[in-house]
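Listed next: structures, encoded as structure tokens.
In the two complexes below, subunit A is the common chain; its partner is subunit B in one and subunit C in the other.
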Partner chain A sequence: MSEIVLSATPAHLRHGSNIGQPLTRRDGILKVTGGARFAADNHPPGMLYAVLAVSSVARGRVAALDVAAAKAHPGIVEIMTSANKPPLALDPDAKTNPFMRRLELLQNDRVRYANQPIAVVIAETLEAATEGAALLSPRYEEEAPRVRLDAAESFVPPAVGVGHPSEAEIGDVETGLAGSLRRIEATYETPTQFHNPMEPHAIVAAWDGDALTVDTPSQGLAMAQARIAELFGIPAENVLVRSPFLGGGFGCKGLFTGPQVLGIMAARLVGRPVKLVLRREQMFGPVGHRAPTQQTLRLGTDADGALLGLSHHTRTASSTFDDFFEPASDVSHTLYASPAIRTSYEAVRLDTGTPTFMRAPGEASGSIALESAIDEMAEACGMDPLAFRLRNYAELEPISGKPFSSKALRACYAEGAERFGWKARPLRPREMRDASGLLVGWGVGTATFPALMFQGQARAVIRKDGTGIVETGAQDMGQGAWTALAQIAADGLGLSMEQMEFRSGASNLPDAGIAGGSAHTATAGMAVAGAGADAIAKLAALATGDERSALFGAGNAGVIARDGRLFRRDDESRSESYADILNRAALAEIEGRGSSAADPIAQANYAMHAHGAVFAEVKVDPELGQIRVTRLVGAFAAGRIINPRLVRSQYYGGMIWGVSFALHEHGEIDPRSGRPMNPNLGEYHVPVNADIPSIEAILVAEEDRHVNALGIKGVGEIAITGTAGAVANAVWHATGRRIRRFPITLERLTEPAPR
Partner chain B sequence: MTEPSASPRPIRVSVNGVDHERTVEPRLLLSDFLRHDLGLTGTHVGCEHGVCGACTVAFDDQPVRSCLMFAVQADGHRIGTIEGMADGETLHPLQMAFWELSGLQCGFCTPGFLITARDFLARNPDPSEQEVREALSGNLCRCTGYQSIVAAVLEAARRLRQAPLAGLGKS
Partner chain C sequence: MNRFDYVRPATFAEAIAAASEPGAAYLAGGTNLLDLMKGGIVRPGRLVDVSRLPGLGAIEWLADGGVRIGALVRNSDLAHDSEFARRFPAVAEALLSGASAQLRNMATVGGNLLQRTRCAHFYDVAGACNKRAPGAGCEARGGEARNAAVLGWSEHCIATHPSDFCVALVALDAVVEIAGQGGEYQVPLEDFHRLPGETPGQESVLEPGELIIAVRLPAQAASFSRHARYLKIRDRTSFAFAVASAAAALRIEQGAIAAARIALGGVAPKPWRARLAERALIGVGPDRTHFDRAAEAALADARPSGDNAFKIELARRIVARALALAAAGTPARLPALPGSPFSPVAGVLHV
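Entry: the complex of A and B
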């Protein structure tokens, strides 16, 4: 990006009229009329249907497939197995960077987890392909699967999450705990969870010689493009990935998955376009999950309830063949002040698919354990849980000692507590009942999520008719990128939304970075803003250097871009339209480029996180143990809010995920067969409307001058954290029972207490 | 007694007011008939076993799960899909309210919610918030937009009570 600084305050940052507006979704009309085209809605001419055959065992080898029987079925075009799959340019088990998955692409007869693809049936109709897959009647040589977190031999993983150290310590935790007046130690268990976006993974692949077009939901278009190119040994520019709409992603559409590649291989094999859509049960294996954890927390305080030591140890699991370790302990690095903190991990390898990022990876699982433990510690100190959190409020980031770039958490606690009416909460559990005799409990949890940024790029064009185009290959999985980024883009160009065309959602546009880590608005938004600023700077240079322009000589004072005109900053009566400037210069258009990345200096000096406080009320039937969340209030501070309407939706969604984590979701794996026992939306419970009360999300004002020039933190994941713990703590407050195995179900609540 | 047969058979179905004659295999699901044979891809498939509600369509004005029915069962019947919900360029008040009040995020579940809600409001034009929650509990939104979905349905109900004719789509 060329840097032409017009003045200390860039033109695009000051005078935006779009940023901050609660616009409705620009893609909303398409979505309410059925006009939004999701990947599986594409149907190129000559297209065939592919269906996966998947393994029903978790470990062993495929001994036989009845290919002849399947092939004999009318309508079957081809069966792709390890015997006839098209060649690949790269070993599917190769891993050259942490942002790729090792894939099962029929490279051999091994089965390494249940629901692993073992063949692909391609047919004229979906029905024929489905029948063909059944007719393959696989036989296996089965080995005993290892799927229990507590059974296998553990080791210390070299890193957790992406490149985070698996051990960290400040101070001396053992000394801190030994010197504590009060101590608690507790182990919490979180289950395997599956992302289950409503839209299953789907791909429509069409080859044209060595060029490939794919329609598939992707949270990382450029990564997908590069992954496909290297697997098939073709130049990246030959691969067009289109993903204008994702039907949810939550992490499982981040790294390119095996089934998506198999769809492309199938199209190559038959020389026709192919569509492959996963059945719901096939989403429980090859596309990632949140790994189970066992987390042991040890806390100690002095007589005043100030933490003296905090130890957070996580046992988790990855697959037998690839690494992803849920970084659950890391949440303890940033939330509560303690002179001594230690986080550590151990892991086992299981015969499951490889876990991956799932909405708030690490933070969600870690938060429910930490927030529960903090409550247990508060109880041991005889303190109100909110007062205890305030007593241990971290003014500096505990693990690093760095100041926070901004932290309006006190305001979140205060505004949330006020709205919820926290003051009236009795200290002891089991003291509130409603009119019908249900036990009532109130709980609080602190929410936190790092403010991340990846690298992104964008291109902006101003045309001689005064309109603009802004392009970046962003991904809208429901969070509202089409709208929020267009708002930033319009402000960057000093145009109204109507005067600007925003192009996104395809890999032939500038790389917008991945839609993950709650970093997309910051990453793509900064690139888009930069591209606009660059185009405006070039336009300004044209005008201010031209004596025929009303802006001639404004160079040092600078100009402001607004409503398709440049204004002199020191004299707004002098202005000129973009169209006039370009026409006088005889230019059809002017182009700007922008790129973004985290600022390493700011990162070195500041800890950057969004924060929040969530308050929950639950009611529990004292006989039946039935639990209902009846109130939920969250207050969140996440820097600059681009679109409060979209942000509120993200908070609501995250809070409901938090309820789901605490009370509903549980992927059950049969310890004998290694198969998921509830691979469908009927038995893998997620909340429905009737499970969720009216909820409230308060947007707490926060200005951050360090995270990035726009002041944006992320909002997509934070609300799960805090909420899950608040609900768990409310269940304790209602019942006096502390359930440490999640989800908290009625049978767990009513079974006799251990010990 | 007729022999069960796998051979294709002719059907005639009215979809969004338009008659379609096709010859289909008995094993063809209604959802796949709409999506693949008629190209009406606004009906989404999320679970294929009747749980998520994404595939909901109106079958003779009753909401049904099109993933749980065969196309041949629709022979001689009227089907209403999301593509027929608006009246030409005029959105149904539910569509309008979902859009305006952010009753959608990724939008994958949205058509199913809208078809379900339209039927619900026809039967219960002045529902309480709790009734809306109950009525829409057969539809999953993983994103999850329940708060705004309920708000949108209540708002659409209010508008429909003021202008009842606005809700006449074709099916």
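Entry: the complex of A and C
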């Protein structure tokens, strides 16, 4: 987009075409020099600061707010409450499609969860607004909150995730289990987890009459624009959402959230631009989380270790007022072959904020349980865990029966195992020690994530000076979209990166779809490639139809676009530059359009997933229980890799999150108050550098002719899956203790074994 | 943030006068106080910034072989002072096991002694906490008690003191020098922090306006330098407060323990000196049986304050391990992971 200007020539060289090259991030210099402007860095003239006042109870109603005391504080401009909030055109509790959240926009005095916004204080300074929020001293009529999975009656949710059926089945699992020679049954628990991107949700909103400009991090610009427009009853074209950079998203910036809308309402109320940034502790409630789960796995095998039945049942939770059910059981649909598989769900409603997509929603929490259970089953069969996985390798997607569009998982297992040295692993646990006597364990986990695509659009322009412009409203949330998509765009136009301007990150550009579901590169990339191809086709038509062109008459032979020139495909000595073609035609520019969507025929006929295998080594102090991951090797196959450097980074990030899932992350909620008790990065633990000593990601070659024309599957989420289970399995192998409640903590390893 | 006065005194006398007013608080490194202010946990009406007071930033070697550490010496400067680390290796190891490099560069010696608990309920301003609001009640009782005390706690407060530094200091008989309106005085660190009893808000012996000006380690503390370690068990490898920790220092003469120093962290409202355990080691050989016995003695009075019974056995094992590490000898270089069980040690330690 036009706001993003490279401050220096990228410090990389290009070899051949752009796709496949390990280019460094185009925004890297901007970011390390402070030149990248994130949402909260914007300060339009006259801007005021808004601070949320949030509820300290989880269930009840706000009985009183001392608005007078807050208003009397110097610097306070306005207090927005349910009494004076600007009108909305749509009920915040309306839900017209599954890709929207029911919002708390001060519509009444009800409190539905702790940290729910109950007022917005607007002031000349952040400090005044913060103090004003404290001075509101809310009084509540409090009811006993329900915050644990056992706190309410369960029901079967009508759907899980987004529109996934809450039951799926092939064969008869009970018969399969009854006929099994060996069986295991185990229940695994995963905790509430909160997304904590470095950049909290933030918005700077400026109204100009009925037109609105907002700077806010968003993983879905067009969706954000539409949501704002419908809430305020204005045309979508009146809303400009700018989100050139996100300081991490991880799913919590996917669907537009209440605090972001409150910032816009505050600006409307005071008639001045307003900035609202969530405090870290306010990230623990109103912007989504990963719901806790209890997952019961029942597996059975024949004498050879072949699965005869696999049942995966998940109990999870949504809020009292909205639906998002962590689809944890669904991971069992795809990974292991069994004649009988059943996945099922039950859920409760709790006095918490509404859960949402959190990196690998369902797959992450489901995978740690499934991969642990598979290991337990392998142990029961006396088999090596990797051999057991290979024994139950799914050649067809088990429940659907479809062939895979591509599946290089065997290669992932082989390359990962070779690199890790897996074959030296003793079968029994607690048999390896290091030189200091620490217990050492090795574990494996299979990684999987669906290859999705959304709908996207792009525009490409070739100008008469031979340079190009490519536009799509994509979102760079640190993953490198701005670089990878520009690589595709440059190849699409047959230009070098330097000859082309890539514009992205604003809602007035073509809709690039959502940066979620690991589908952004495929979705926006296909649109970008299509726009380039369209522009090149128009340019080629100009040249091949013009007697004055060296390419005249090459229409049947076709042309190749490269380095700013069109070449005759069958005779590359005949070529012409883009500039010459346009100048001769007296055109200032030529424009192409592209769009993308999943191919319904391919989807009907193939199962499409990325795969991987992760191998983990942990060390455990046998007496003290402290755990450290000492080695991680992941091997992943995800179709065509646009930029191996960025993809490796994505895998690293996912693998580190897998360690976090297995050993660290845990939202502590006090069952008496319903309040998060560790709402800060000091106590909500994620791994630090010392927790990640050695990590390797192998990019396993895979060609996929069906997912999309570029063969892109997506890499954003897969590496959490597999890794979390591999770490848990390694802890078992080190200690002989199977911990089924995550995260695995030191006291769970040192407490006496339950009998 | 509430409005507050900010004063930057030029002399001790000015500082003490300014801080004697009700609601005043000293500001040094600010690594704890500013967080507490931003969270609304404390709301001082006046900050007395002592960070530029002269004469508090030196590490002075005393004629008798002891050391006097100015209250404004930064944690990192002290830990990386090679002479200090050579004579008091367990103290350096404790310092470097705490917080992050950035925090250690800001945090001061005096401030470390006065840092507040990490009890989640102390930070939960909507809930009751006797430390924050005397008489309000203690929601940590029956609540999240994983990080709560198993020694020295009362029905009114089960919070722990989170310092690593103080654990090693109290083991080595550190003395706190204090300046107040009545002049200067000193108090052993072991007596500096108060147990909560019925008044958990009163965490130290300091009276209003009193200022820590230095911490002294006696010459005798250096006599343990060949056998002194700090061991800290935590939920991740770095940048986490101790679930439990121990400092152990031994003087071994002709194969027998001539003197022992043991203190525990993360298990009590103050850095917890284990004198009974020390006595149990005098004259015996430095072996596992005796270390286990000492560990038993160190935790003899422990009782869970909630769902944290595991900490008692864990702390016993940490004491025994710290003693074993100390007996094995202070490493020539501080380990890359100070205080961590993942620091490699010579020889097989675990069986």
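Throughout what follows, the second predicted complex is superposed on the first by the 739 of 755 C-alpha atoms of A that agree within 3 Å, B and C clash if a C-alpha of one lies under 4 Å from a C-alpha of the other, contacts with A are read in each partner's own complex, and residues count from 1 in each chain.
Definition applied: a residue touches a chain if its C-beta (ideal position, glycine included) is under 8 Å from a C-beta of that chain, and two chains touch if they have at least 3 such contacts.
What you are looking at is a predicted structure, and each value in this text was computed from that prediction instead of being measured.
When the two structures are aligned on the shared chain, A:59 is found in touch with neither subunit B nor subunit C. Using the contact criterion defined above for the overlaid structures, shared-chain residue A:652 touches subunit B, although it does not reach subunit C. By the touch criterion defined above, A:687 lies against subunit B and subunit C together after alignment on the C-alpha atoms of chain A.
In the overlay built on the shared chain, the residue A:672 is in contact with subunit C alone; subunit B does not reach it. Using the contact criterion defined above for the overlaid structures, shared-chain residue A:200 touches subunit B, although it does not reach subunit C.
In the superposition on chain A, A:31 makes contact with subunit B only, while subunit C stays out of contact range.
Of the two partner chains placed by the overlay, neither subunit B nor subunit C lies in contact with A:562.
If you count the residues of subunit A touched by subunit B and by subunit C, you find the higher number for B.
By the touch criterion defined above, A:695 reaches subunit B but does not reach subunit C. Once the two complexes are laid over each other on the shared chain, residue contacts for A:738 go to neither subunit B nor subunit C. Overlap of the subunit B and subunit C interfaces on subunit A comprises residues 127, 131, 680, 682, 687-691. For subunit A in complex with subunit B, the residues that touch the partner chain are 24-25, 27-38, 40-41, 43, 125-127, 131, 196-200, 245-248, 250, 277, 279-280, 476-480, 645-646, 648-649, 652-653, 656-657, 680-682, 686-692, 694-695. By the touch rule above, subunit C contacts subunit A in their complex via residues 1-3, 39-40, 118, 120-121, 123-127, 139, 142-144, 233-240, 243, 310-311, 313-314, 317-318, 321, 337, 340-342, 344-345, 348-351.
Of all residues in subunit B, those touching subunit A in their complex are 25, 27-28, 32, 35-36, 39-49, 51-52, 54, 81-83, 85-86, 91, 95-96, 98-100, 102, 104-111, 114, 129, 132-134, 136-150. Against subunit C, the residues of subunit A that register as touching in their complex are 56-57, 127, 130-131, 134, 281, 433, 435-439, 619, 621-626, 628, 663-664, 668, 670, 672-673, 675, 677-678, 680, 682-683, 685, 687-691, 745-747, 750-751.
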